[in-house]
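Heads up, there are several structures right after this.
Both complexes shown next keep chain A, but they swap its partner, so chain B is in the first and chain C is in the second.
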Partner chain A sequence: MIVAIASGKGGTGKTTVALSLALAADRPVRLLDCDVEEPNCHLFLAGEQTFREDVTLPTPAVDLDACTACGTCGETCQFGGIIVLPTGAHVFPGLCHACGACVRLCPAGALREEPRRIGELTEIQAGTITLITGRLDVGQTLAPPVVRAVRARGDGEELQIVDAPPGTSCPVVAAVRGADVVVLVTEPTPFGLNDLELAVETVRRLGLPFGVIVNRAGAGDARVHEYCAKEGIPILMEIPQDRRIAEAYARGLPVVSACPELRPAFLALLDRLAEMARHAVMVRTCGRRVFYAVDEGVNL
Partner chain B sequence: MRELVVLSGKGGTGKTSVLGSLAVLAGRAVLADCDVDAADLHLLLHPVVLRSEPFFAGHEAMIRAEACTGCGACAPLCRAGAILAHNGSYAVEPLLCEGCGLCVRICPAAAIDFPSRRCGELYVSETRVGPMVHARLDPGGESSGKLVTLVRREARKLAVERGETWVLVDGPPGIGCPVIASLSEATGVLVVTEPTPSGRHDLERVLELCRHFGVPPSVCVNKWDLHPELTADIEELARAQGAQVVGRIPYDLTVTTAQVQGRPVVELKGPAADEITALWARLQAIGGASAIRA
Partner chain C sequence: MKVAITAQHAAWDAPVDPRFGRARTFVLIDTESRELTEIPNTQALDAAQGAGVQAAALVCRAGAEAIVTGHCGPKAFAALMAGEVKVFTGAEGTVAEAVASLAAGRLKEADAADVAGHWA
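Now for the complex of A and B:
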């Protein structure tokens, strides 16, 4: 099962929830840190590094002897990554999206691809948790390929927990796509609600089952709860507003370590998420008839 | 004109609460919300939208089902994996298409259209402290960096037209494409961080990015009293990396109260409001010097 932890707004507690689920699990977990611009899970887990590799993108290089300066590649590139001067084509690697169009369409065969590093991937073993961290190099713009490299290190059988980046744009889509179930972490404030609504739109577009965790419950107002009730979105858990939880996090303790009494709740949450994922698969494969049967508790 | 961008690396450290307050303290400024995929500044400043326009960036491939012969030449060439077999022909999944156009060019039946892609909407608005440029990226959308560039360009244009001194920019979290678009050519950056392992780690990467683009950073630690020793450590790190430390904001629940009331926190009395007021004075004092290049 792949559980993705996401949120529109940053700083609502994605990482503490992802870590808490991984720490509470009663089986081996692969924790995939897909917040590749600012990965943080590794700051809370100690373990031995077991793997490392560069994340690269195939980027065109020009053989100026073969280049006829015909201009095809420059017209082809939709990202402004190549200009063609009378002396030949010139590549701006920072703008290249590695689509391969220029190489494929060059009539002179003057372009070849070379790997260009944009980030790295590391793996550490911390007890039963295998943490895979993607890290975009500072100054690079293309986060989604690094996110996809992290996701590709997951294994179909195991429990995988994905810590997604904040926001609703392409890196988030790359992180949560193909997950079995999504948890949206929010806080009961106007910012939390506004960004939750955007995240819900994104997850609905992807057609994934999801629920909400309200962090800092009691801090703001009731509008997040009202919104979830109106939209029929399950609230899976509430983590209370408590200065001590914030202080513990500041000292490197995720919420389940600061409040061990929450461990059973996180373990139960994993079961509930598995149930939501199974239910969604039945709806997809069998259509609405089964959907109603499951809702009514009919034993199939 | 001075363009100050508020960044954080880590999300949720208080960028928008600080920036909304700076706007009120400045009295007059042009505001730009560059967190285009989760914009929140409007919830504090309640802009009245004067003009909105759709934002188009790049193109997206669309296969005309009636013209597609089902030859399958396109699908294996698409590195985004966006072309999916569908009832004997092929279809493009818009969320995955990156708009490179390779399929359009190689389709032997010329069955693939390549229209401009709508990615969001841009707004030019008026608030009680000055004009505001903001945007909404369509959920799951591409090209957030280009939309950020457009927001900044409009904001600068307004500042020139109206002779405003300050452009105050609410930046996105992270260090990737939209952050780089927010940061390049700005006159100063204020990084709002927090005393947590994540806050410290993410600050280091943002400061490295500022160095990379040659923009001088200032740093303030929000909720500093959650971990005073780590706060001191972060301030030392910031100074060592060439940043000016311009303030400490205490953990103060009036920040949440203000947000619930839809107001910048500086309009409520409390320790956070006092500190942000002092912070603004310091930012102005170093205005012509190293931290803000005029």
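Now for the complex of A and C:
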């Protein structure tokens, strides 16, 4: 099962939830830190590094002796990553999205692809948790390829927990796509609600089953709950506004260490998420009739 | 010499646009014949990113041997160097004044970008 932890708003508690689920799990888990612009799961886990790899993108390089300055590559590129001047084609790697079109379409065979590093993957083993961290290099802009590299590294483990970046843009979609179930973490504030609504639109469009965790419950107002009730979105858990949690987090201690009473709740949440994922598979496989039957509690 | 100048519109009395990549338009001026032609910057102006590179390719292909502008960022500068186009920054006033400044040697030929990318 792949569980993706996402949120519209930043700072709502994605990492808190992802770590808590991983630490509460009763089986080996791969924790995939896909917040590649500012990964932080590693701050809470200690372990030996077991793997490291560059993340690269194939980027065109020009053989100026073969280039006829015909202009095909420059007209093809949608991102201004390669321009053609009377002196020949020139590549701007920072603008290249590595689609490969220029290389394939060059009639003179003057372009070849070379790997260009944009980030790195590291892996540490912390008890039963394998933490895979993706890190986009400073100055690079293409987060999705690094996110996808992290996700690919999760393959092969039964339980994978994805800590997604905040927001609703391409890196988030790359992080949650293909997950079995998504947890949207929010806080009960007007900002939390606004960004939750955006996140809900995103996961609905991706067709993924999802539920909401309200973090810092009791700190704001009731509008997140009202919204979820109106939209029929299950609230999977509420994490209370508790000074112990903030203190533990500030010291780099996972929440389940500060509040051991939350550990069974997170373990139970894993079971519930597995149930949601199975239900979604059934709906996809059998169509709407089964969906209603399950909703009505009919024993199949 | 053919010089491309960043301008608010295509006229001798138009103010110089201090931006290169996202200049409102370019005027290409032949300093001998005093002929003025417009090179519209439509594509680069609307680009999400890479405006400087696109604009550099545009003026280079139009035959400019030098550009005169307010500021020039690193990617645009690299593209202009690759196209063997000279870069003069610090231009102010109207297009006519910028041409006069260039002719009088009051504009400095840039040997590097003078601003970071995305500065305006």
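Rule of thumb we're sticking to: the second predicted complex is superposed on the first by the 298 of 300 C-alpha atoms of A that agree within 3 Å, B and C clash if a C-alpha of one lies under 4 Å from a C-alpha of the other, contacts with A are read in each partner's own complex, and residues count from 1 in each chain.
Here, a residue touches a chain if its C-beta (ideal position, glycine included) is under 8 Å from a C-beta of that chain, and two chains touch if they have at least 3 such contacts.
Computed from a prediction, not measured in an experiment: that's the story for all the values here.
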Which superposed partner A:G252 touches (first chain B, second chain C, both, neither): first
First (chain B), second (chain C), both or neither touched by A:L85: second
Chain B or chain C, by number of chain A residues touched: B
Partner chain in contact with A:G74 - chain B first, chain C second, else both or neither: second
Which superposed partner A:Q140 touches (first chain B, second chain C, both, neither): first
First, second, both or neither for A:A164, with chain B first and chain C second: neither
Contacts of A:A179 with chain B and chain C, given as first, second, both or neither: neither
Which of chain B and chain C A:L95 touches, first, second, both or neither: second
Intersection of chain A interface sets (partners chain B, chain C): 79
Chain A residues touching chain C - in the complex, by the definition given at the top: 74, 79-81, 83-87, 90, 92, 94-95
Parts of chain B lying in touch with chain A, wherever the complex brings them together: 8-13, 16, 37-40, 43, 58-59, 77, 79-80, 95, 98-102, 105-106, 137, 139-142, 144-145, 172-180, 194-198, 201-202, 205, 208-209, 212, 223, 226-227, 230, 251, 253, 256, 259-260, 262
Chain B-touching residues of chain A, taken from the complex the two chains share: 8-12, 15, 35-38, 40, 43-44, 76, 78-79, 97-101, 104-105, 136, 138-143, 165-173, 177, 189-191, 194-195, 198-199, 201-202, 205-206, 219-221, 243, 246-247, 249-252
Contact footprint of chain A on chain C as seen in their complex: 47, 49-51, 53-54, 56-57, 60-61, 75, 78-79, 82-84
